[in-house]
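Two complexes come next, and they have one chain in common, chain A, joined by chain B in the first and chain C in the second.
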Partner chain A sequence: MDAISSRRFPALAGGLGRVLLPRLFQAGLVAWLVGTLTFVLTRTLPGDMAYRIAAGRYGHDMVNSAAAEAVRAELALDQPALLAYLHWLGDLLRLDLGNSLVSGEPVIHELSHQLGHSLGLAMVAVLLSLLLGPPLGLAAGLRPGGWWDRVSEGLASLLRALPPFALGLLLILLFSVSLGWLPAAGHGRTAHFVLPALTLALALAAVSSRVARNAMVEVSGSAYYAFSRTKGLGERLSFLRHGLRNAAVPIVAYLGVQFVYLIEGVVVVETLFAWPGIGHALVHAIVARDVPMIQGTALVMGLMFVALNTGVDLLCHGLDPRRRQS
Partner chain B sequence: MSATTLFTAGRAGRRRLATRQRLGLGLLGLLLAIAWLTPWLHDADPARQQLVRILELPSLVAPLGTDHLGRDLLARTAAALRLSLGMALLSVISAAVPGILLGVIAGWRGGWVDRVLGSLADACLALPGLLLVLLLVAIAPGNFWALYVGIALVLWIEYFRVVRARTRVLVASPQLQASRLLGFGPGYLFRRHLWPELAPQVLTLAAFGAASAILAMAALGFVSVGLRPPTAELGLMMTELLPYYHEAPWAMAQPILALCLLVLSLNLLAGKDPR
Partner chain C sequence: MSDSLLEVSALTIRGEGVTIAPVDFSLARGGRLTLLGETGSGKSLIAQAIMGTLPKGLSARGELTIEGDGFAAAEGAARRALWGRRLALLPQEPWHALDPTMRAGAQVAESHRYLRGLGRRRAREAALHDLAGLGLAGAEARLPGELSGGMAQRVAFAAASAGGAPIVIADEPTKGLDAPRRDAVVKLLAGTPERGGALLTITHDIEVARRLGGEVIVLRQGRVVERGPAEQLLSAPRSDYTRQLLDAEPARWPAPPPPPATAEEPVVEARGLAKWRGGRELFCDLDLSLRPGEIVGVVGPSGCGKSTLGDLLLGLAERDCGEIWRAPGQRLAFQKLYQDPPAAFSPHWTLARLLEDLVRRHRLDRDAIAPLMARLGLDPALLARRPGEISGGELQRFAILRVLLMEPRFLFADEPTSRLDPITQRDTLALLVELARERHCAVMLVSHDPALIERVCDQRLVLGGEEAERVPEDLAALAV
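Then we have the complex of A and B:
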């Protein structure tokens, strides 16, 4: 698929703006939404926000009014709401995300570490899911109603009903606790990648295998596919020349929908496997009321979502010439 | 009622689709019965701790055993199912009503109304659903209503999009044009021409939406940013019982199994994915 798209990329300069502009707009929207919601967060949490944040930063027994006042001044909690809001958005615009209230480190600095870990996990998971899901789905779609179609449908339904955390839990119990093959949690060696990536990949593959199956059924029922067989191409050749690329379009397009699931899964799976990524950091920030970290992590995850979707748009654009013309 | 309308959703392979949905309906009915009949048949408080009876095996007194604080697991699982199903019903209804209403308005009027509502829906989808819910939950921690508003805010878009696309086609259809020319009001047109066409898709979306609402709540409970203990909630129960998987595997299996069956039943009931 990559080879095809890179070969086609020079040809798509024309409609590129139509693909990229809405995504750019979406990125702006994400930044504004996250900024506004976290601003509301600083204003609406019950109790005195300054004391609360100071307690999070210095520990509950170390809070005094001086510490609280310092926090109040730093986060502009004493200013009128509208002014503070504009100030808040201005900081966001300059990418000044502030310091973490827990560690005191600049948020950007922490995020740059975590983003790498999260992206690594997400990438491995997506690649693994593409290796698992579409081939199995295509095999099922070549013979709809056959035994493999039924088995894979049952498996996919079961996997879709298991949320990623429950699936991860079962995998831990099986591979780490009972068999002792893989580490249950943590990060560092390659072995640590296996379980979290597998958890995400299985859930993603459950959906993409069905999408691939339906796409293949549609392609193999189409007139051009029947014609490729009547003109004398073998089953293998007509699949490679006429089936694969046409079936790939919905699979890639559906990846965009799956990224919603991926981002949600990253939050939960990273927490479960103690993976030092963005999702884990977001959950910790919410528990610790670390407002700048909440803003930073949510922003990066939202932007990651937009970036991944832009990639899918570009790939679809390259795969499907009909999109370029319309 | 819902079953008969759902059956019409399938075109090809109706027979097999019907069995799937019957299976889902039966499973859902069973879970509903467990959730709401348990308080009558089994007199136990889901929050009452009995520290001398922790992690007991299933017995006559506690048919599904007890958890690490000696709380009755049957009562807790039933309470968690009630909470999940109640939340699912509430958020689906409050997402479906504005979603259908706005979808019909956008599809019917077209023009700037359509564009404004369309971009509103896009704005709600800019962030992945769970992220939006997480941020709202951060604003009001441990609050059922924040969770509910977030989930409903994410779910309404699906109804809006499907209903808008379908309405746009239906408004141009000759039978609706004829009724309109005969002078029937919008209420009649909606009841007679739009709703019968929209109902199967809306019900499919409702079943999927209920499943995702339940999953979102459990996911937040699991990473302990959702509802707070001692609430009996499926995700929260999993985290609580996780340290005791070795001593009491049957206890930890219960919330997982309950959640899995609940989502499976709704997915089966929904039938084909409309997207």
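Then we have the complex of A and C:
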């Protein structure tokens, strides 16, 4: 049976299929788990859902029990939980995420809007972190124990230990309040990108610089690196031809782990900098008990995590020829 | 002295408990010199001092003359410009010396491209020509992980010598290779002086020194014990140490006691065993059976699956195919003896405490320890020391003691003496065989040295032997 499938789908039976097929399965699993978990969690939150939703729609001052009852009746909030869950699952299978309870707009419509903003921010943050972290880490790794290695280790520990909101606040205090160089919050101009992206990028770069440093120490201590030098290639060529690729594999692979931080950071950073992205939307949806919005947002974030990790896998696949052997 | 390629005068190396006493030698065109000595004799440091790659904490003194240019041994960095162009170093473990993510052809081609300044395409052609000359045609697209130990050695040789350096330093070039592959590497090395270069070989293998000929220097603990022409020194040694070293060669070991004539049931049996790793077949359709007291040797180059076979028999790894049958009985009867004794002991406790823990954990007979220690020639005073405070040979005998306390019926000994010097190796193995016979314990002994296996074992198993004999006869055709 293996022989047949490899003849019919050579690309899938080869190395690439082994990367993509498990990820596809994982995406399905993530969608179901995230949806179920958010459903259970929002149902168990304290407080009356109908009140919260009414408050979200009409404002806190305008809510009374009549309005809440109207919402309850309209959204059928008193139906059994299991029935509501099965409804939602059925809709999900038809790729229908439902409508926002607050705005009445289709969730998918709102999400597509916000997702673009979030992806933009995340991409800038990752690129910025890759420009900062690995080069500084590789420099530290070429001279382990040197002054730069020690300084960068201290900096990295400090930056990674600070939670994103604290780091963001510090950056706002420094660049917006004291120096007045950059806007503290908002969206629309390039300048608005700098602080939120930097907040995310610094912590990401802190970790990837250490990963890069350790990878470089290992590579430069390896027998093949020594052989490349005694072969006569010299420091520069040895680094370019044998150092970079071998050190890049763990750096890229570790990015996959770091995306957890990125996604968690997006929620906090968007809220802090009033960035109209998916994380911002998630926080608002939770406050307003907008269950379809919460489910939709969490689902998109979960799938985004899977997609980013697939990207990492593909990159590793391209970098390391050993993975391409069947 | 115009044809002298390498002259070393009064080279000393010091630091971190190592001292290499002054060494002098000179290599003319066509010259060959072999530094012979056991592990820890400092012979590799001499190669590193010449290259200028001594580890931190060690410093060299003395004068080097390389193709007429003088260098101070202390200034290692000054010789970097010579690497690949005038000095070539053949690495110890070729498998690890090749970039695991770069194909074999590219690793040779880059030497042609960057050292000889050839264009991309001509460098590639030169690399293909080199590889074909070494019997590696068609291997250029393989990754190092897909090469056998012998093939990797030849690829590393091609990559190291592509720059055309007349002086070749080979540091333990035959480590872990079996006899045919070792002889092929020796032939390959001998090509350098035949073409008018000079060869400095560092080895602990007397057979390599014998085959290479030329001059031999015997080193012990950093001191020159004896030197002279190979034929003379190796056939009529003057010093006691050289004589001991020669006697410790497995081929000269006394014949082992005959295998016990036993009709007992096998302890462990395997039928049609197969194992794959990383898309490569380690072995397939392997049949074997071990009776009590029988010693079976396993030989093959590093990475051929010797340790994996042991793990399969012990039940520590999963087989891909075939059947394994183990004699019923207690689980502890299947034991393993490890290669590196210090790594097999907890370093922070005394040996007495470690043995006591073992006795308590498995409810063993405490009284068995003293007689066994006497048999193994272990002084009771050693019990008060920690594993790091006794010699490797003593520690490995403690490891044997520890294993025998469990009353094993099958013992998998994974290169148990490869980290020991030749003399200790001989004594330790003789003891192991004697005790195994006495206690009806079947032993599977792994070694990369076929002569040793031949001497010690009742049966022999060769793994990874298919691609061994692909070295062409005429290696002089190799382009320098």
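To be clear about the criterion, the second predicted complex is superposed on the first by the 266 of 326 C-alpha atoms of A that agree within 3 Å, B and C clash if a C-alpha of one lies under 4 Å from a C-alpha of the other, contacts with A are read in each partner's own complex, and residues count from 1 in each chain.
The definition used in the following text is that a residue touches a chain if its C-beta (ideal position, glycine included) is under 8 Å from a C-beta of that chain, and two chains touch if they have at least 3 such contacts.
Note that the structure is a prediction, hence the values are computed from the model and not measured.
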Which superposed partner A:259 touches (first chain B, second chain C, both, neither): first
Partner chain in contact with A:321 - chain B first, chain C second, else both or neither: second
Partner chain in contact with A:230 - chain B first, chain C second, else both or neither: second
Touching partner for A:173 - first (chain B), second (chain C), both, neither: first
Partner chain in contact with A:162 - chain B first, chain C second, else both or neither: first
Chain B versus chain C as contact partner of A:40, first or second or both or neither: first
Which superposed partner A:222 touches (first chain B, second chain C, both, neither): second
Touching partner for A:241 - first (chain B), second (chain C), both, neither: second
Between chain B and chain C, more extensive residue contact with chain A: B
Contacts of A:267 with chain B and chain C, given as first, second, both or neither: first
For the chain C and chain A complex, residues of the former touching the latter: 51, 53, 80, 83-85, 88-89, 91-93, 96-103, 110-111, 114-115, 143, 145-146, 156, 159-160, 163, 165, 278-279
Residues of chain B defined as touching chain A within the complex: 122-123, 126-132, 134-141, 215, 218-219, 222-225, 235, 238, 242, 245-246, 256, 259-261, 263-264, 267-268, 275
In the complex, chain A residues that touch chain B: 26, 29-30, 33-34, 37-38, 40-41, 44-45, 157-158, 160-166, 169-170, 173, 177, 257, 259-260, 263-264, 267-268, 271-272, 282-283, 286-287, 289, 294, 298, 301-302, 305-306
Interface residues, chain A side, partner chain C - complex: 222-224, 226-234, 237, 241-242, 245-246, 249, 319-322, 325-326
